[in-house]
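Both complexes shown next keep chain A, but they swap its partner, so chain B is in the first and chain C is in the second.
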Partner chain A sequence: MAKTLTKTIQSRTDNLLEVREFVMHAARRFGFSEEESSKIVLAVDEACTNVIKHAYQNAPDRSIQIDITHDRETFQVSVIDEGKSFNPNSAKMPDLKQHLSTFRRGGLGVYLMRTLMDKVEYNYSPGKRNEVRLIKYLTPSNSAARG
Partner chain B sequence: MRLKTKDVKGVTLIELKGNVMGGPDASSLNEELHKLIEGGKKNIVVDLGDVKFMNSSGLGMLIGALTTVRNAGGQLKLARASEKIESLLIVTKLITVFEHHEKVDEAIGSFK
Partner chain C sequence: MSEFKVHQRDGEGVSVIDLKGYLDAHTAPDLENAFQKLIDEKKFNIVVNCKDLSYISSAGLGVFMAYIEDVRKNQGDIKLTNMSAKVYNVFDLLGFPILYEIYKDEQEAVGKFAARK
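Showing the complex of A and B:
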């Protein structure tokens, strides 16, 4: 996987606007449609929000690194932190019908990440480095050049 | 997020603007809803037409708002969700929980 773009922010939700713009710009340049790029942006926002809330437990001065790598058809965003480990793939996918019938608020973030992206991978060294990889493949149906 | 409330034909219209991301925004909306309910205003339309971005915390905030209003015996409906936000409501199946109207007038008229 080549071509890496990197951004590092401090762990505050008011820095996520900068991340969203960074990812949107890269996804559009890579060739995704605006709609598809918005899905990637939202998945990355959810991953960063999880880091802020769970890995860093709302500490505002920790570091989150966002790396974007791609090859011809694969676009990957890595969200890297040094906080408490959390594997989103171990989170049970909620039964949405049941979940919503009880009007529960939480649990939608991981669901969204996994639904909006083609693949979500997780690598971690406990206490040292956690990495969530959000992967999306460019296809004729989600590219800006479709039609 | 900015929040503006007005009364239209006996229905309370809450206009949300900007980025809807839960957190402190959820508290402002919740406070506003409690004031409205105490004042006997329980028919509510949330106008999403000027919302630029919404994440799962923002969706959670709307679920919380719906619960608060329903528990008070009222109704809360959504209006003018952009294509992007509507697709988010579809993906999360929230479209089956909320009543959504394309136009604010339609949403207000639906209370009659």
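Showing the complex of A and C:
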């Protein structure tokens, strides 16, 4: 896929706001409605929060790279880190109705990522590079130029 | 500019927390502190007014989950009000309306506590 935008941040939660603005701007420019762009923004926030808390275990000075690539209908945000590997696909999907009250913090983010995006892919080489790819397709129903 | 603010108002037997701005992993500890303070003060009837809450991520939702059991164990509750559609959608995606009472306006939620007496 062509057209890459990149941002690199340090692994601190006070940088999440900057990431959200970066992703919101790119998603709106690509053509998503505000509502759909907000979903992508939240999914990326969740991915970065997971990296900060789990891959880097709150170490504040590591780096997180956010790459946005797109072609005509596909918008992909990659969140890349070099910390501890974590495969969200292995996280159990919670049964919301039955187990909401026993949810533990942390599992919510993975669930949200998968619910908000069309596709979530994960690539990792332990200790070297982890990448979460959050993918959303532009369709007539989620574009800003609806109708 | 501060990106998140928590403000507590104490009424008769009910405490209202006003949230403003962005509730994410960075600001969630501020809300934790507010809930912890209420619990320490033995104020268990809590209404959270989300009128000026612009954004919430799972780190913020996790705070509500972390305190609800403690509060209900003490015959209290955390009721949520005045959410924008955007914020409500995130609560809804995670099934929160099953677990929490969510009202359109603050007075309605405060009234529920009064009606229980």
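Details
By our rule, the second predicted complex is superposed on the first by the 141 of 147 C-alpha atoms of A that agree within 3 Å, B and C clash if a C-alpha of one lies under 4 Å from a C-alpha of the other, contacts with A are read in each partner's own complex, and residues count from 1 in each chain.
Basically, a residue touches a chain if its C-beta (ideal position, glycine included) is under 8 Å from a C-beta of that chain, and two chains touch if they have at least 3 such contacts.
Everything numeric in this text was worked out from a predicted model, so none of it was measured.
With the two structures aligned on chain A, chain B clashes with chain C.
When the two complexes are overlaid on their common chain A, residue A:52 makes contact with chain C while staying clear of chain B.
By the touch criterion stated above, A:109 is placed in contact with chain B and with chain C alike. Legend: residue contacts after superposition of the two complexes on their common chain; A:35 is shown touching both chain B and chain C.
With both structures placed on the common chain, the touch criterion links A:44 to neither chain B nor chain C.
Once the two complexes are overlaid on the shared chain, A:19 sits clear of chain B and of chain C alike.
With both structures placed on the common chain, the touch criterion links A:120 to neither chain B nor chain C. Residue contacts after overlaying the shared chain place A:132 against neither chain B nor chain C. With the contact threshold set out at the top, residues 13, 16-17, 20, 35, 38, 42, 45-46, 49, 96-97, 100, 103, 105-106, 108-109, 111-112, 115-116 of chain A are in contact with chain B in one structure and with chain C in the other. Chain B meets chain A in the complex at residues 19, 21, 23, 53, 55-57, 59-61, 63-64, 66-67, 83-84, 87-88, 91-94, 96-97. Listing the residues of chain A that touch chain C in their complex gives 12-14, 16-17, 20, 35, 38, 42, 45-46, 49, 52-53, 96-97, 100-101, 103, 105-106, 108-109, 111-112, 115-116. Of all residues in chain C, only 3, 22, 24-26, 55, 57-59, 61-62, 65-66, 69, 86, 90, 93-96, 98-99 touch chain A in the complex they form.
On the chain A side of its complex with chain B, the touching residues are 13, 16-17, 20, 35, 38, 42, 45-46, 49, 96-97, 100, 103-106, 108-109, 111-112, 115-116.
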